[in-house]
Amino acid sequence: MFRWDQVWYYLFQDPNFTFLQAAWITLWISVVAQAIGVVLGLILALMRTAKFSPFRWIAGAYTWFFRGSPLLVQVLLLWTGLPKVIPMALLPQWACVLIAFSLNEGAYMSEIIRAALGSVDSGQMEAAKALGMPYGLAMRRIIIPQAMRVIIPPLGNEFNNMMKTTSIASVIGLMELAGTAQVYGAQIFITFELLIVATVYYLLLTTIWEFIQRWIERRFDPGRTNVAVDEVMQKSFSQRVAGFGG
Amino acid sequence: MFRWDQVWYYLFQDPNFTFLQAAWITLWISVVAQAIGVVLGLILALMRTAKFSPFRWIAGAYTWFFRGSPLLVQVLLLWTGLPKVIPMALLPQWACVLIAFSLNEGAYMSEIIRAALGSVDSGQMEAAKALGMPYGLAMRRIIIPQAMRVIIPPLGNEFNNMMKTTSIASVIGLMELAGTAQVYGAQIFITFELLIVATVYYLLLTTIWEFIQRWIERRFDPGRTNVAVDEVMQKSFSQRVAGFGG
Amino acid sequence: MTLEKLDNSPQNASNGPMVRTEQLVKRFGSNLVLNGVDFTVDRGQTVVIIGPSGSGKTTLLRCINHLEKIDSGRIFIDGQMVGYREQNGKIVEDSEKNIARMRAQVGFVFQRFNLFAHMTALENIIEAPIHVLRQPKDEVIERARVLLDKVGLANKEDAYPHRLSGGQQQRVAIARALAMNPKLMLFDEATSALDPELVGEVLKVMRQLAEEGMTMVVVTHEMGFARDVADHVIFMDKAQIVEQGSPQQIFNEAQNERTRSFLSRVL
Amino acid sequence: MTLEKLDNSPQNASNGPMVRTEQLVKRFGSNLVLNGVDFTVDRGQTVVIIGPSGSGKTTLLRCINHLEKIDSGRIFIDGQMVGYREQNGKIVEDSEKNIARMRAQVGFVFQRFNLFAHMTALENIIEAPIHVLRQPKDEVIERARVLLDKVGLANKEDAYPHRLSGGQQQRVAIARALAMNPKLMLFDEATSALDPELVGEVLKVMRQLAEEGMTMVVVTHEMGFARDVADHVIFMDKAQIVEQGSPQQIFNEAQNERTRSFLSRVL
Amino acid sequence: GNAPVSTPSTGIPTTKATPNVTAPGDIMKAGTLVIGSDTTYTPMEFVDTKSSNYIGFDVDLITAMAAHMGLKAEIQKTGFDTIFDDLRNKRFDVVISSVTINDDRKKVLDFVPYFNAGESLLVQKGNPKNLKSVSDLCGLNVGVQTGTVEKSDLDTGSKACKAAGKSAINETVLQSQTDVVQLLATNRVVATYQDSPVTDYYNKINPGQFEVGGSVVNSAPYGIAVRKGDTAMLTAMQKAFAAVKADGTYDNLFKTWNFSAQQKQS
């Protein structure tokens, strides 16, 4: 007894656009948290290569904690834990979710950015130095733009995941897609049906994102990066094994 | 009013080893699902480079669905959805979780493996072919062993994530770490405290895994792979910018 | 899928030329890379191919062992058609198994060595004899050590490729090809990725092979080597063989304007 | 952090040598790579450094513009100490800003070109003049076009590096260095990653620079070039300068046994 | 030591009931009654952290009823979201999980009413805002659990507020009752609204922290749910329930779990 009528209603007939609104919440939280996560990740990645060892330790411990513990706990630490310590610190739901997601994403992005910076041929930094560029300028003008090409595919994965992970926000009552399905479904026991509705929206969001990602990838690939990365990236495996005759 | 006593009790005094048992469930589900996911991912990755286009489409659609929809929904599709279609198909909790996690992980691993296979220098396949190796033998003896080196770091990330994601299993009543915290916390309203206990176990598991991963990485790195990848990997960014004087 | 009972011994040689191509045509998209190439390599000969960059030298070598498919024409190695077979009067691509079997009898040495990066020098050499020819491991190891000695690397059997210099890697690559007991060796600019000082040691090994009577096709920019070692020199330009003959004929008495202008630039 | 008002014009030249090193010592771990090297490059001279692989040639060049720190000794460019300064009688490493300022006056051409992969040929050339020297964009572009023309690539300004041949990339790299109006150019095997046929076009540009009076230090394996263009040839081996003098002295009348044996191998 | 807070000893019937109710044949054969329950709802169904057994009023009741059918009771923990799908999919035979009977639910399931739960407000000690009923909650932050009748009642009350020209009730809707109570502990809400047994139980194990605001309202029955149209099972459950009432077990459970007699199902 699957309530197709309910699926149909919430997809196409709902005058309140309940799920459209929920998708909007999912989307903006994901976008903002991902953006902050990228910036944080860059800072952490640079800290981990710093000469000043306390920077390295702080960045290391940060990454250890945020990658090692569940995001749910991180959200609840802000939502339930923080007010237990500082009674006045009653962050609203969206703030708890946004902060926890951003901090968490920063830890994951730092690993990605670190690997990407490392993949830029060392000759590029040397050439920049030899032309008299100070470290900061060389990073900004030469290294980071080239690292972008390697960052974008895993960043795309992260963002894809992020949109689905926002479902954790429903634990503290934020009505994104999964939470909406649960709250609207629980009254008459059609949670499963409404999760299917939510899934349609998720698939829509992730599919659109896939196209955007492809487009960004092409944009950051004008004059491909160094030869080493080129050889790795350029010839896709399919191209190469396709040549195998018979 | 944070119940430290309860945290302490469940960490060190609990004669039933409740959380230790829960950690064990988290662990074995993660390990088995990850293992199946790797095998599936390899098959899908090879399908996506196949000459036979229906293989490519199937693999593409599979990846699209499993990466685009929330894992929670995938679990519920097996738990609640499947018996609605086939009344006899009452899979037990562990089976639903294991199947859904494995299928999902397969989709993510296929992307990782595809990229890794593509990163093995094309000259390696050429050399294998020139020595008279058929495709399968060349893959097995030459390409896959070298791709392992590139696969292991993101695979490590996946497994790290997997352990925390098993919390989704609690939705259908499987008592892994997060579910245990919820159920045991309900008696005297200390879910938050018990999530902290669960977090300690998660951190333990992820930290141990980090060490194992490092060890595996070193094992798969005896005669580093091709020059291109070498240049990318070998000189870490830190080493290289460390040389920057003043 | 491995190939059992492959007879790689020299006894099954017939009497015609070792390699013969007929009107070989190869395109990459609209780019005509081999425009009707006919040539012949006799048994025991060393044929050197020279020519400007992009003239199709590498592509020709790669077609010979079917690393590239051809668009028309035919290639025979030891009298056997390469990569294709006749079926009901039509020419169709050969089976993967047959192509692999043919390749196992032809050694190919690449410009960039392409040693298996995850295997030591010795493991690189024994891999194909054990897994393709199914020869007993002990015997293969023994023969591999002899070959390593021959190329002057007896003490490097446990080194991984990245620990070897370019010249050493290339010599291991040659030993790896020789371990299959090939009837024919193809060299594609085997020394051009090497530091000038390392070139000599590789050329020495190649020279020795030629003296021992191996049939070889060598693409190279080392004119000194071509002059000394080649039985026959082929000059290619713009997808065609422009001129061929003895080293004396090509280097000292070239007839064709393009040959002369090329040689004036590289000698 | 950029460097404003950098005077890169030739007027501020003093009268001593352009480069002078005193007892330069450089170690990598326990490996002694430069063992007390003293040498001098006079204004307008082209000094060519030759020597076997691993003798320290690259390291010497890299020390000159402080891409490597040195263990002891001193380096002066145009009378100024490089990379270090005296402070309360002790020698300390110079500030990042001062080091960058010094490097901006020295052009370095790498063996592997190292063009910025995400920028066109023109963008590669104008990047540092605009962002390091803070020169007006219009002027810089104009000058960059003149330089591209000079190295024979006027029609390639919009090409990305991966669309250029090795020889073309190297010429863009030279133009990029020249766009900074350097007082000194350092070349590290600028042609050794190139196909033989492409070497000539890069050497031609270097030869022209030498004729125009640029002060140059050139590490190369091209003995022909060394003989023709060098004012002074330095032979290095095992971390030391073994012999130096005019090309005539080195190539025809070498005194040292190691020099003679090296030259016999590469000539 | 630090053993978990003691809970009432389980009220599993002392009278070894002789089987006097016939269950449907397939279940008789299996010998066990499989019961679905979301065991995170103290004191009705939850885990005894000392023994790791499922306990609570509902658990004790259904165990006693099963005994009357000569069956062993086996609780299967499940999420509340999918609990009726799971029942219809025959993952269990019946559901006892503090399910409030309402018209929507009666359309798809059959119920045996067994308990009259009311709804009550939990508020800060001393009831500083003097909250006595839903109509006092206009414009205030209130916590409530997903899928409960209290959630519907707050929605209705919120509309009434707006109709009266006041601000709507600002609901925070969470999936677990434990989390809902935490909202009050961290002052995120001024009141939480839940079934009266839960309110009472919380006050009992955390004396002096909160108090009940106003009185219990809207008594509505909890029901044991069986699949729609499964008359054999429905009849068996009705008979078993009558049996536990008749032999005094039902009354004993009210004493064990300290509920007021008002909440008995007549």
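Going by the order they are written in, the chains are A, B, C, D and E; count residues from 1 in each one.
Following the convention adopted for this analysis, a residue touches a chain if its C-beta (ideal position, glycine included) is under 8 Å from a C-beta of that chain, and two chains touch if they have at least 3 such contacts.
Treat the numbers as computed from the prediction; the structure is a model and nothing was measured.
Number of steps on the shortest path from chain B to chain E, with steps defined by chain touch: 1. Taking each chain's centre as the mean of its CA atoms, C is the chain most distant from chain A.
Taking each chain's centre as the mean of its C-alpha atoms, chain B lies 44 Å from chain C. The centroid of the Cα atoms in chain A and the matching centroid in chain E are 40 Å apart.
As a whole-number value, the distance joining the C-alpha centres of chain C and chain E reads 82 Å. Distance between chain centres (mean CA atoms), chain D to chain E: 83 Å. Chain contacts: chain A has residues 1, 80, 84, 121, 129, 135, 192, 227, 244 touching two or more partner chains.
Of all residues in chain E, those touching 2 or more other chains are 81-82, 85, 179, 182, 185, listed in ascending order. Across the assembly, chain D contributes 67, 96 as residues in contact with two or more other chains.
Contact residues of chain C toward chain B in the complex are 1-3, 6, 65, 67, 96-97, 100-108, 110, 112-120, 127-128, 131-133, 160-163, 173, 176-177, 180. Across the complex, chain E meets chain B through its residues 1-5, 7, 39-42, 46-49, 52, 76-79, 81-82, 85-86, 89-91, 176-179, 181-182, 185, 202, 205-206, 209. Interface residues of chain B facing chain E in the complex, by the touch rule stated above, are 1, 5-6, 8-9, 13, 16, 18, 76, 79-80, 83-84, 87, 90, 170-173, 175, 182-192.
Against chain B, in their complex, chain A makes its touches with residues 1-2, 48-49, 51, 64-65, 67-73, 76, 80-81, 84, 108, 111, 114-115, 117-122, 125, 129, 135, 153-154, 157, 160, 164, 167, 178, 192, 195-196, 198-199, 202-203, 206-207, 210, 227-229, 231-233, 235-238, 240-242, 244. Against chain A, in their complex, chain E makes its touches with residues 80-85, 88, 104-105, 108, 146-147, 151-152, 172-175, 179, 182, 185-188.
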